[in-house]
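Please find the structures below.
First subunit A sits with subunit B, and in the next complex the same chain sits with subunit C.
Let's look at the complex of A and B:
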């Protein structure tokens, strides 16, 4: 199966989210689906649940989606977004406890090799464990 | 005290207007120890709630709570969105088959548990839970008393004041460590404002 785990980047800042996505694409090209969401619903700094839901659906893959977040509110809003997905998609999405830029690049590189969602998450989270 | 549909609608309206009017104060508190967006975020969320007031007023109470919760989740744009949203979603879920005011402490408690689970937090960490938990205790201890509303109001005010000397261990304020001491927590303050608005509306209708 050629499908790879999708990557979603959630930051309080659209610039950080987009910049991180650009770095990921430079690393892994178009093999891995990457989507991002940054900023609040009015375009200021913050997070945005409907935007995160859209990003998850854009990056959707049968292998699931790994989300990388920056600060607490991005994590809380990402977890909320996951719970608002269709029930069969919820268990196929994880929020990684990892630094956003390094985590996204490592996760996407692992995903590009065809790894499972759990493997992708573990590689991203190794950055925090060390 | 029986909760009529028109009373509930005015509760929501007064509480939302109170939060919107207090946005500058909430933002000022959040600028001291957080990221300075609590007022703006809460204002955006409760403006969205106000825009759905007719729908909310026409729904059964449990559905109305869920509409409020979902609206806050989708519009607030900060951690307080999922936190307050989870409160209303869980309280709405708990309302099915329950009666108000008899089961108020149960329903409120379900909301408080959801906030605690969503934030992976508990009372004592300088958050909205430092108001919600003492108010829940008052609702349990003083259920059925004639002066329950006044007791809830006092419990909320005293609980907000107690957040000032606390050191934050959750949320953005925890990054400040000891420097978070001396400031009232913005989430505790917004919870207090909402509860006070509810108390005032219920008193006016008695």
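Let's look at the complex of A and C:
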């Protein structure tokens, strides 16, 4: 019960990914693990599968990991990263269909209360349903 | 304050929102996080709105958009309802201090 769902933020821009992670830490607190990745190694825009896998590992929790993404490739690369995990870990990672900043804050708030991965995803996606 | 209804006893309380910009994102996150520590069902509403909302739903609490000086009402139902209402009233009355966790 002490462990909380981890949050991974994947943006094309490193600044957006880092800024979103900072916002989550400042608004929600440090009890939820938050990892981020974004940009390509040359400082340009982009996302990459190995970077996302590293972020998933950094945010790993026995309760699973919720990923928040921005556009197109961030989502497809995140799905690819999940596919490349070991089968038993694969089902403990979800890519949320939610706006990246708002979704990350809402998901982390829900996670901080000890909620399950499905509850965390549902709260993040509440914003999309409305 | 103790009020009874068809669903059993409710503990209720009221507090004035003193936060400079009202119930925006950070206070909403703090209120939701605190509410989640209790087992009780907890509802809040602002300025006598028709609908009560679930205090444990961060999206709904954020959507309250209660301005400064509005009256926040809290009602809770369950074993630790009294402690929950007291804690939440204290959080709002003390202007959402940084708790450290």
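The rule we apply is simple: the second predicted complex is superposed on the first by the 128 of 130 C-alpha atoms of A that agree within 3 Å, B and C clash if a C-alpha of one lies under 4 Å from a C-alpha of the other, contacts with A are read in each partner's own complex, and residues count from 1 in each chain.
Here is the rule we go by: contacts are C-beta pairs under 8 Å (C-beta built on N, C-alpha and C of every residue); 3 or more make two chains touch, one makes a residue touch a chain.
Bear in mind the structure is a predicted one, so any value in this text is a computation, not a measurement.
Of the two partner chains, subunit B is the only one that A:47 touches; subunit C does not reach it.
In the superposition on chain A, A:110 contacts subunit C only, with no contact to subunit B. Once the two complexes are laid over each other on the shared chain, residue contacts for A:29 go to subunit C alone; subunit B is not touched. Applying the stated contact rule after C-alpha superposition, one finds that A:126 touches subunit C and leaves subunit B untouched. Once chain A of one complex is fitted onto chain A of the other, the partner contacts of A:101 are absent, as it touches neither subunit B nor subunit C. Across the complex, subunit A meets subunit C through its residues 27-31, 105-106, 109-110, 112-115, 123, 126-127, 130.
Residues 25-26, 29, 32-33, 36-37, 56-59, 99-101 of subunit C are the ones that touch subunit A when the two sit in their complex.
Here subunit B touches subunit A in the complex through residues 35, 37, 40-41, 44, 73-75, 77-79, 81-83, 85-86, 118-119, 171-172, going by the rule given at the top.
For subunit A in complex with subunit B, the residues that touch the partner chain are 12, 40-42, 44-50, 71-73, 76-77, 79-80, 84.
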